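Note that chain A is present in both complexes that follow, paired respectively with chain B and with chain C.
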Partner chain A sequence: MNPVFLKESGKTVLMMGNEAIARGAIEAGVDFTASYPGSPSSEIQETLAQAAKVFGHHAEWSVNEKVAFEACCGASFAGMRSLTSMKQNGLNVVSDVLNTVNLSGTKGGIVLVVADDPGGHSSTNEMDSRLHAKLAELPLLEPSTPAEAKEMIKYAFELSERVKLPVLVRSVTRVSHARGDVKLGEIQTRSRKPAMGFLDRFIGHPLVHPILHLRFNQAKAEFEKSPFNAYLGPENAETVIVASGPSAAYAIEAVHNLGLDDQAGVLKIGTGWPLPEQLVIKHLARAKQVLVFEEVDPFLEDNLKVVMAGAVFQGIAVPKIFGKRGGQIKGPRGAGIGEMSPDIVYDSLAGILGARRPERSEKFLAAGKQAAEWKLPGREWAFCAGCPHRASFWVIKTALKEDDREGVLIGDIGCYSMGVSKTGYNLSRTLQCMGSGIGFANGLGNLAGFHQPVIAIAGDSTFFHSCLPGLVNAKYNGAKMVFIVLDNSGTAMTGFQPHPGTGKNALGQQVEPVSIEKVCAGIGLTVQAVDPFEFEQALKILEDALETDQLRVLVFRHKCALIEGRERKEDQPRVIIDQEICLGDACGCNRFCSRVFACPALIWDNIKQKAAIDEVVCTRCGVCLKICPKGAIKLEQPLKKKAAKK
Partner chain B sequence: MADQLSLHKGPAELEFEILKFGLCTGCGACLGLCPYFKVRKEKVVLLEPCGKTEGRCYEICPRTRLDLEDLNRKVFGKPREDFVLGTHRGIFLAQSWKKSVQAKAQYGGAVTGALTYALGKKIIDGAILVNYSKSYQLLPEPMLARTEKEILACAGSKYTSAPSLKILDDSLKQCKKLAFVGRACQVEALRKRMVLEPELSERVPLIIGLFCMWALDYRKLYQHLAGRMEINSAKKIDIPFNRFVVYTAKGKKELDFEPIKELHKATCDLCYDFTSELADLSVGGTEWKDDWNTLIVRTERGQEFAAKAKKDKALKLNEFPAERERLLRNAALGKKKRVVDALFVEKKAREYLAISDREKDWIKNANPIGGVKK
Partner chain C sequence: MTPDLINLIVCGVGGQGNILASQIVAGAGIKKGLRVAIGETYGASQRGGSVMSHIRFSTAFPVGPLIPKGEADLIVGFEPLETLRVLLEYGNDTTKVVFNPRPNYPISVLSGDSKYPDLELIFTQIKNLAAVSVVVEATELAKQAGNHLAQNLVMVGALAASNWLDFSLELFHQAISELFSDPEKRDLNLRAFNAGIKGFQQAANK
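Up next is the complex of A and B:
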């Protein structure tokens, strides 16, 4: 059994932050979970989906974050505990309902976990979700370790039920994807019975705004005494460091290693919003200087400054507050940009306090030098070997060229987002948020005097997530475009979570798939499906569609190479380069396969000076057979036939 | 191979100077060579520059430098004498003996007759021709014909710029000896390529050039027709004596020819070569007798072939009346004069067409009516 599901209370288990969050929900006896995947949050719902078989709660992958959160609200309205998780972009999708359900209030405990991606490791932005808590006047918790994340989730359910509001928990990559010791707690037996009583009404309206303020102040009062806020260091320290999330851990470590334990205190804030004002004033009242560490925006910093400005009325002097606003605390790309790191904390502390950073040990430096000498090969941001998106972009590239009207490709969110870069032949002109591509195409496709053909793309999961309103709008308002669904049969970028088109649900059960073609046909659209590996056929269909100058939907359908790779049979013939036929650099093709088509499995053999196949990564998909102008790329004859020939 | 190249330019220049300038004739010569050039509906595009600074694509393009003097010497072994009709050994009225060929072909069926004869005599085992596309109305597509039936299927003139040289390299893999039938620009490109690859001459023993004043731009023509008729049932185009006729499933539809003439490719206005002067045999209509062709015999090889075809009763060859030759010369000269006049304003044209100053002056001063000035 997954150790995350163990019932042995008191046992310490190493787990990922996201698993700890899921464990927290399990310990709280969660009844209902619904999410849409997105890095760095995906493992939360994946774990909860696995756990559903053990603990019996509901677990689903919803079509998008808004639907997921609304489903959780529904469960809450009936008195059940619910949890949704998402990445920061997803919270924007939720924000509409977040700003009405705050007014209406909720009933059963409801927790919204948002995992931010400072630095944007796998995101189109590095938005700081905490501002949504402020906007919607909802309580916000910020864990700094996996262990704390688990405890905060449990507390969040209780708080939510006391204040009758959804509670936001903001994780970040270095909590969600870090691993740490987590002490297992008791698992609450699920015994709630869902019901909506006569008085259970949830009406969002400004009339009830005062109620929200009451609830908000109730949360604030609780936060004043919350164990998630802690002060470490000497009483009445002149220097106080205020930090939240993983920055708190970096700060504690840095203060110690810089030998500042006697001079500086660290105030770790776990209840990010509303800020416990009295606690803050208590620890900052005698401080001369304050340093604030957090990811990404100066959220805590700004709120601290507001609190301290108010403290003036109590006769308290405002200390110097160093942070991102003044540019004293910043990463290599500037203040308020990118992840916080131990290095930034060290350097800031050393710079502001005049402390000297301890030298690295000889052993550390030697190990570092050795590691540098390994010379790990650089890897390009690229579609995997055998990826159907490469074939799709190849077809689109060729079609736009042959069409010769300077057509534009409008991108969307998924693995195919890499269409903005070399691996997608730099074709995509936009990269924004889910469903935005077809939205932009609605504008371009209805623009008088704009004669460039428009292609919008979206993946199969993105199609269901947020493309449908755009598609209906295009049909209704007559936007001219070719909309291509790049259907690789899964939510590939976030780890193959199922979606309505896959015929499987979060629990792995077979369900009736929702057909993309039928949905489009239902809208009244002409839709055609083709395998992008069939270059000629796909190209003709796309070019014909472009030439209609009408709204057309195409489905480029081919399984993700990673799925196909797993399903591949051992006897599938290898792809080989016929060394007799490949002319190497004597061919005028100038390395067409490895340099232009550029599947990572097509490589250049520097010794033979000819093209070669990297068999470690080759998926044997065979699409490159259609690329070589000389026909030098071949499938190896099956062994049996070979023997028969001899 | 690169050391043979004389122009020292590559695909980037070809794209900038020719494709983007609207000077591409759609001959298809660059297409079969290389995976970077693509064509759809007769428009040639460069997928992306291959990164090489020089290439055969630039060298053999009929709109990059075309040294007619030099090519004449290479094809005919002698300098140009007849500036109007090009080097030739005879002009004939020609007709296929076969009624089946005549019925299917344009005018006298001389090309189709010559090809079926060449195939039957095993002079060739395939011919690069043009047939209507199965996917797109009125779009001619290159086809390698390897049987008499296939040759007959390709009979009849096409009036847009099918890029039939696209399939040359592929056809060479399938056949030992090929015939090529095409427009002057295509014959020029093929001859330019033969300079780089002399062995190609043996592999393509029969080059039949077609008389061509211009080729229509397929995409523009399609749009024009689509607005004026039931295009989906269109099967074939004919331009008999300055009339424009579309054959459809329901019958014939005649359209005003004057506006359609304007849909010809701009690059055709820079063509100096109405009668396909570098071919083995050049064939066109007569503008006189509906069931006969004009046939110009040019090379020694062409002469031998024509003589055999006549002897074996594949082609009827009659004397070409002097009066008709004068009219033919007038047509060819008129086109040349327009091009030579343009050379002094169109910089690109001057760079492309290399003829001797003697020829240029002669053409400028020639009188198109009642024969030529000496």
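Up next is the complex of A and C:
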């Protein structure tokens, strides 16, 4: 059993940051949870969905982040505790309602967890969500470890109920996807009864803006005494390092390893917004120099500077503050760009304080030079072996080529985002945010004098998330495009979460699926579905659709190879290359299978100089049988397999 | 580097089971009463990209989830190119390495846009840089244990057999058993783990 669900307290277990966040909500007796998946946040709701069977709270995958947060607000209005989680892009989707519900206030504790992705490990941006807290004047907490994240979530519910505002918790990849030892706490029994009394009204209006300020200041007063802010180091240190999130741990370690324990102290800030001004002034007033470490934007740094500028009125001198604004603290790609790392902290400390890091040995320096000469190949992202998107992109590539009018492919967010890169034959011209593809296509498809055909794509989950308004708009305003839904039966990129089209809910229960075809038909659109593994058929349908020069919807439907792989039976025939038939480089196909089609399971046998299959990678999907010009790729005969088994 | 800290990196290619391996090793450490911090990168990187788990065991203060460059004590590599890449960046003169020699070719190599360095040269360079390096044919051993995908457990077994971490086999067994409630999966993973123990002992005796 997952230790996250253990009812007893006291035990220390290994937990992912996202699991710790979910456990925090469970310990706080959460009643209602709703989210839309997105790395690095997805495991929070996944865990809460599994936990729902044990603890009885509501858990759902909503169609998008805004609906999820609004559903949580609904629960809060009725006095229940609710939590939603999302990635940074999701907070933008929520921001409309965030900037009215701050004014109306809330009732039951409501926590919004946003997991930022500094460096964009799995995102199209590295937006710093903390600015949303400032924009909406809402309290924000920043955990630095999984263990602290759990405690912060519990506190966030209490704070939310005291100040009657949603509380934001900003995690980052190095908290959400970190793992660490976490001590299980007691679980509050859920006993709240939902009700909306006569006076429970939640009206957003500038008239109530002064109330928001009162509540905001109440949070600020609490933060002055918060245990999530801590100072570690000598009381009279002339150098004070201020850090938030995982940077705090990097700073503590670097100070120790550089032997600076006697000179420098670390002020860890867990209450990111509003800042505890008196605490900040207390520690910075005596410092000669201050270094600020944080993820992405100089948010903490700017706010510290504002506080210290105010402190001048108390006759306090402002110390030198080193950070990203002045460019003293920066990663390899510049200040305020990319993820913070222990190395950036080390190097900045060493540079500013004159300490030294141990040098690499001669042996390693020489090996580094050698490796640079070898040009160690990087690992570009690629569609998995057997991925239906490879087939879909192949069909689109072929159709656009045969159509010969320089048609453009407008991309969207999902695994098929990789269509901008080599694995998708560099076909996609745009990569922005959820649902943006069909939006862009609305412009291109209605542009006088633009004669290039437009194909927009979106995945099945993205379709429900934010494509519907764009699709209705295209119908209403007559935008010409072929809109292809790449339906692989789940939210694949983030870990196969279900969505309305899958016929399953977050708890794994069967529900009536919302049919993509019926939704489109309801809008009055012509829809055709086809399996992209049926190359010829899919190609014909796409070419016909392009020829109409009208709005057409196609569904390319084939299950994700990873799901199919899990369901695959042991006796499914292996895919083999008949090396008697493969002509190698003499064929003239330019190693079509491995170089052009480029499935990672299609490799090159350097000894025989012929194509080969990497059995460890191959999913036995068989799509490559159709692409070899000589027909050298085959399924192993069942007879042979039986013989081999004996 | 603080002496009360062990820095271990498990590296490979997306889909090879890095996360599971790091969970098992870390789980064993927690059972030993150590503080653990793991940093790993996934999300899109599971689609064939380089993946790396930083696993840090400490006795004194909690540390962050990332290992500074040049400070890895141990490296468990699921793939030779990735092992070399990580060793170059995070290794030092005392770093010990155990790795699976089976290559996984990047898509740029398959498409002919870049070249995978000669395997023998990679092996030689790893041997030259590491204080100790041991080769374990993990994919082959996993195949014999029942599923080639269990090479990650074979490598965990190899790490356990090395005793570089000074964790008893029993701690690993417990960590594995807790992760797999399905007896069939548990048995497969334990078989692979045991194959790794033997594989390491044979390789080390060569």
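Criterion: the second predicted complex is superposed on the first by the 617 of 646 C-alpha atoms of A that agree within 3 Å, B and C clash if a C-alpha of one lies under 4 Å from a C-alpha of the other, contacts with A are read in each partner's own complex, and residues count from 1 in each chain.
Criterion: a contact is a pair of C-beta atoms (placed from the backbone, for glycine too) under 8 Å apart; a residue touches a chain by one contact, two chains touch by 3 or more.
Worth saying up front: this structure is predicted, and the values here are computed from it rather than measured.
Undergrad: Kindly classify A:418 by the partners it touches after superposition: chain B alone (first), chain C alone (second), both, or neither?
TA: Only chain C; A:418 stays clear of chain B.
Undergrad: A:361 in the overlay: touching chain B, chain C, both, or neither? Say first, second, both or neither.
TA: second
Undergrad: Applying the touch criterion given at the start, work out whether A:397 contacts chain B, chain C, both or neither, answering first, second, both or neither.
TA: In the superposed model, A:397 contacts chain B only, not chain C.
Undergrad: One more residue to check, A:627. First (chain B), second (chain C), both or neither?
TA: Only chain B; A:627 stays clear of chain C.
Undergrad: Should A:173 be classified as contacting the first partner (chain B), the second (chain C), both, or neither?
TA: second
Undergrad: Of the two partners chain B and chain C, indicate the one touching more residues belonging to chain A.
TA: More residues of chain A are touched by C.
Undergrad: Give me the intersection of chain A's contacts with chain B and its contacts with chain C, in residue numbers.
TA: Touching chain B in the first complex and chain C in the second, residues 595-596 of chain A appear in both lists.
Undergrad: Would you mind writing out the residues of chain C in touch with chain A in their complex?
TA: 1-2, 13-15, 22-23, 26-27, 30, 35-45, 47-50, 61-70, 81, 84-85, 88, 91-93, 102, 104-112, 114-117, 121, 125, 128-129, 139, 148-149, 181
Undergrad: Which of the residues in chain A end up touching chain B in this complex?
TA: Where chain A meets chain B, its residues are 397-398, 401-404, 540, 543, 588-590, 592, 595-596, 627, 629.
Undergrad: Note which residues of chain A are touching chain C in the complex, please.
TA: Residue list for chain A touching chain C: 1, 12-14, 39-40, 117, 121-122, 145, 147, 173-174, 177-181, 246, 249-250, 252-254, 256-257, 341-343, 346, 358, 360-361, 363-364, 367-368, 370-371, 374-384, 415, 418, 422-423, 493-494, 591, 594-596, 598, 600, 602-604, 614-617.
Undergrad: Would you mind writing out the residues of chain B in touch with chain A in their complex?
TA: 33-36, 38-40, 43, 45-48, 50-52, 55-56, 135
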